[in-house]
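Should a chain be cited, it is by its letter among A, B, C, D and E, assigned in written order, with residues numbered from 1 in that chain.
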Amino acid sequence: MIEMLLPGLFLRYNYYMAVIIMLIGLYAMIAKGNLIKKIIGLNIFQTAIFLFYISSSDIIGGTAPILTSDPASVYVNPLPHVLILTAIVVAVSTTAVGLALVIRIYEAYGTIEEDELIAMEAKE
Amino acid sequence: MIADHLPVLVVVLPLVGAFVTLLAGWADRRLCFPIAMATTVIQFCISLLILSQVMQTGPLHYNLGNWLPPWGIEYVIDQLNGFVLVVILFLCVLTCLYSHRSTPSEIDEKKIPAFYTVLLLLVTGVCGIAVTGDLFNLYVFLEISSLAAYALVALGREKRSLVSSFTYLVMGSVSACFILLGIGHLYIVTGTLNMADLARVLPPLYGSTVIQTAFIFFIIGLSIKTALFPLHLWLPDAYRYSPSAVTVLLSTVVSKIGVYALIRILFTVFTPAFIIFEIPVMEVFCWMAAAAIIGGSVLAISQTDLKRMLAYSSVSQMGYILLGIGIADSLAVTGGILHILNHAVMKGCLFMIAGSFIYSSGIRSIEDLRGIARTMPLTAAAFVIAAASMIGIPPTVGFMSKWFIALGALESGQWIFVLVILASSLLTAVYFWKVIEYMYFREPGTVCAGTVSTARDPPAGMLVPTLVLAAACILFGIFVSIPLEVIEPFVTGILGGT
Amino acid sequence: MIWEFNFALFLFLVICAIAAISVRNLLSAVVILGVYSLIMAVLWAEMQAVDVSFTEAAVGAGITTILFVAALSRTTRGSKD
Amino acid sequence: MDQPSLVPVLAICIPAVAAALILIFRNHPTIREGWTILASFATLACVLSMLPLVFSGTEPYAALFPILPGLSISFRADAFALIFALTSSSLWVMNSFYSIGYLQAHHGKNLARYFFCFSVAISAALGVAFSADLLTMFICYEILTLSTYPLVVHSETEEARMAGRKYLAYLLTAGIFFLLAVLITYYLTGGTAFAPGGILTGHGSALLMTILFITFLIGFAKAAWIPLHAWLPSAMVAPTPVSALLHAVAVVKAGVFGIARIVFYVFGIDMVSALGLGLLLASIASFTIIVASMMALSQDNLKKRLAYSTISQLSYILLGVALLTPSGIIAALIHIPFHAFMKITLFFAAGAIIVMTGIENISEMKGIGRRMPITMLMFAIGAIGVCGLPPVCGIITKWYLALGAIEAGQLVFLAVILSSSILNVLYFFPIISTAFFEKPDVDTGVHEAPLFMLIPLTITGICSVLLFLFPDWPFLTLVTIAESVITGSVLP
Amino acid sequence: MKQDVVIRTVCRLVVPFIQLFALYVIIHGASSAGGGFQGGVIFASAFILVGIAFGIADARKRISEKMTVLFSACGLGIYAGIGILCIIFGGNFLGYSFLPLPFPVPEIRGLAAEAVEIGIGITVMAVMTSIFYDMAVDEEAA
């Protein structure tokens, strides 16, 4: 049974890894009370999705999709790479906006812990 | 010559406008508003041209960089996005006008250039979502508009706006991640990102679990974006604490574009054949929408803050749109799409009014509005019209979309949703009537008597957009055939004859 | 590619991810996140995605980390969880 | 026979335009009230101008614009509609004068809002009358509800607000049922236009039709049938002209008018009788007649007693409709204007008493007939009419109603009519005897109400008598035409 | 950190090389690994490095906040300008092959793509730097 599953498992294990990391990131976003931790979780979540994409385009034995003189070389699918480049831009922008917000929240409230923020808001 | 390039101009123009605004703000802050205003007005004209072209010649296709699809990015405009584009740009123009007078009291003077820049970036994002025919491009524009929206929410002077913006950011990013995952799944299976291409390639693959997973990811992601009932938690705070003009934008433009994306993905990418017959997701979807309608209304009744009440009412009204889509009957879908226009008009008007109250009197709480109709008669009258429309009293726009959705529900034999729609009209009446009673039939309270008696209708810059929207509430209710002319070809196209 | 090597990288990746979200000192967490990004970049280079890997190294491990550190310098380093 | 004509639309627009003008001149009392008077006369003239056409058998018809296939905003001035429209517009003239007099003495604030809403309400009432399809009727019906709400809470006291909430809660909920019924009708038939003989025949099972009928009945809660009547007595906190509007001119009449429209023009007499729905409606009506009369007996507040009397009288109309016989139909339709004239006289008199003496309770009205002889004389005329005694028009209704009951072979309803007449006498005659024959505690001399109030109430009182003497013009003629149209579709 | 001689010296040495490398990455974006975005980020990291090692004030001397705004607008102008030029010469937006240059079509495509990459690079550099400024500087101090 296990022997039958193994090849498939190894062929696709990077997908499973991506899912595991995604879940770790999602967990941090939901369960962690520290705002910086939430953003770290967001980063992990996003990179895991990128990993997922890159894995999908990976062909065993392919070369990087850079122009070479050899027309016979097998390229890996370059489109996901272009997409991920864009997605990385988006991710870093999100992180930057998030961090800027965290800084201003800290200036306004003096804390970046979610529970303390809720307590302070309830008091007002 | 230019006429062929309108689809791309409508996206590039605000992007250029945003940076011109930024530069102009550097020279003189007063230049920002005219530039932003001019940009949105031109865009609105462009969108009208596009719509008329679409109505005459059928869907427009535009290939960026002359690359043919599916390799290049394609912009496709059919009746649906033509319609949505016109609606959101109409609201953008009015909001921009409104913001000229409303923002200086709510945003630091120094941040005005930033405000208009980000506003135009937001417009870029939503227009991009509206015109693109490429899934990944849709994701990118979705993120551009979301990032702009986070920044706009955070511009509020109250410090709680920061926290609500952060919550919005986290929720929005999670939803974007889900959408990205959904796109990834589709791409892995089909190798294409072009929507029309996907619709062609997908049918044989409908049984595949990967496709179904992708679909679920899309549904979750877009449900968060559109704040479908149990996932709406970010919405009330974001609406409550952002500056008035931003609230108007969020409630009309941003939420509507989310719904548009949902419709596009449900009906163009996955086609009705999948969503109705392959997996029974629409049934679940309808129940969630029904829960949103009732839940949103009940929560709205219990609010004491006007903007927050309107925010919960938005949750409820988005339920209407999604219910119309979820029933997937041609009449109901027509009603749902019509409600995009209607809700944008009504809710835009209401949030502008809420902003006017804050501007003229600083009053946010419903109870403090006692007797304000005497000193702000025009604003209060506009409120009554928009509220009547929300309740669905004819001959306002709100009535027409409810009529269609209910008729669609009847036609597909789902009586229970007819009752939900009608019952929620009553709940809506309860919370709006509370406000109207306070405004018209009570003496000013002791606490706010002074502010109420010195309040005046806001300056023309804020009053005119409000009144235009209030008038639109009635005009579109009477001349409902105008938007229907646009919507019906689309619905017929995707669902067969009406 | 050598799958054992890949697998080891993946394990590292998971460990880094877990560490980044569980360390209480935020500065450490951020640095671990940088390491995580670098490992990710290596993995992608291994998967023939050179340009993405390059970007991740510059952006994920570089700029993002700097932004985090800058943010930390203006807030606080401690975290309750 | 239809004749394209914009006159019905014009009749609806005049009050609406007047409303706008009132709003513009809100700070100039004389001009503002001038518009009201002017508009009321213009509207009356407009409605009257359609009479000759209708007498000759043509029906002015205006289809404004289609919304969807089968759905349009359209108006038709048939004989049936004119009965209601003529009642409303003629009484509006009286009510305008009376309002000016009354509000100068009482509740003298927010007058612009008052006259504005009043005009809108009249416009909506005319809309209900002239509407040629269900959707138009629904729209006007809802506008009527909303525009009368500010009138009910006019005094802005907590009691008034409570009454207003109750008013809205009942009527908006009912409106929802109405909408549901309209939706179902449209869904079943693909259209909503009224047609004599009904449009629903052959479009659904007996059960569905019964449910639909009941939904419509609930939808017309404005008809105030028990148990959906509670809003009416509590709305009595409103100023008296508003009560007159609610009871006589527009609101409750819109309810019964609507039910009559539905029975005759949507379901059709054939279907209603085949399904036994007439019996259902007749039972509800009878129950309401008797119970409301008994409730009226126990009220000491004059306006409340009048309110219960209205509830009872409205069900006369419903009973006439439910009998489904020619005489029953005549009774029902003729009672719409007759009751309006009598009841408005009663309310005007009650209002005059409140303005001049501040007395609202019957037990305090000893000898008031000596102090306000004309007012109380008119009150007596109204009361006699409602009881169904000559020489006031009320007896004509009772006569036809009794005939109708005999035609239908339902003698039990004859008994209901007779016993209700006795109850009417029981609750009205004590008022008259108290007013005229008991000695007042303090005699303060004769103080009639100001002319602005006295003249309208005298006119309506005299009209009530005149309608008995000369019932043919215009109402009985109109009713006969309407009846022949309705029954003509059944018995060609 | 400002007192650390080693860091300051290394920075002074490294910054020109980073910038050169960034330019290389930008220019070679179309035909090899890299591109406007990566290059822009690397270029920005040079300024950020200066900011960290010598203090923000020093970095500001090299590129002020207003300059970042100007640069980002210019970069965008290049991008949008080339796109619109293509429209003017009869192509679609960014349809490079329609540009009337005296070269064969693939070369034109390459050149125009380079220009666009440079535009993107400038914008990214400017935006990244300004984000860093915003985050690392107290508003009161600025």
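Basically, a residue touches a chain if its C-beta (ideal position, glycine included) is under 8 Å from a C-beta of that chain, and two chains touch if they have at least 3 such contacts.
None of these values were measured; they are calculated from a predicted model.
Common neighbours of chain D and chain E, listed by label, are B. Simply put, of A-E and A-B, more C-beta pairs touch at A-B.
Taking the mean Cα position of each chain as its centre, D sits at the greatest distance from chain E. Of all chains, the one whose CA centroid is most distant from that of chain A is D.
If each chain is reduced to the average of its C-alpha atoms, the one that sits nearest the average of all protein C-alpha atoms is B. Centre to centre, using the average C-alpha position, chain B and chain D are separated by 44 Å. Chain D has its Cα centroid 79 Å from the Cα centroid of chain C. Taking the mean of the C-alpha atoms as each chain's centre, chain A and chain D sit 70 Å apart. Each chain gets a centre from the mean of its Cα atoms; for chain C and chain E, those two points are 24 Å apart. With touch defined as above, residues shared between interfaces to two or more other chains in chain E number as follows: 33, 35, 37, 131, 135. Residues of chain C in contact with two or more other chains: 50-51, 55, 59, 63, 67, 70-71, 74. Chain B has no residue in contact with two or more other chains.
Pairs of chains that satisfy the touch definition comprise A-B, A-C, A-E, B-D, B-E, C-E. Note for the complex: chain A touches chain B at residues 26, 29, 35, 38, 42, 45-46, 49, 52-53, 56, 77, 79-80, 83, 86-87, 90, 93-94, 97-98, 101-102, 104-105, 108-109, 117, 121.
Taken together, the chain E residues at the contact with chain C in this complex read 25, 33-35, 37-38, 41-42, 44-45, 48, 52, 128, 131-132, 135-136, 138.
Residues 136, 139-140, 143, 147, 150-151, 154, 159-160, 162-163, 165-166, 169-170, 173-174, 176-177, 180-181, 184, 187-188, 191, 193 of chain B touch chain A in their complex. Contact residues of chain C toward chain A in the complex are 1, 3, 6-7, 10, 13-14, 17-18, 20-21, 26, 29-30, 33, 36-37, 40, 43-44, 47-52, 55-56, 59-60, 63-64, 67-68, 70-72, 74-76, 79-81.
Those residues of chain B that touch chain D in the shared complex are 388, 391, 393-395, 400, 403, 406-407, 410-411, 418-419, 422-423, 425-426, 429, 433, 437, 440-443, 478-481, 484.
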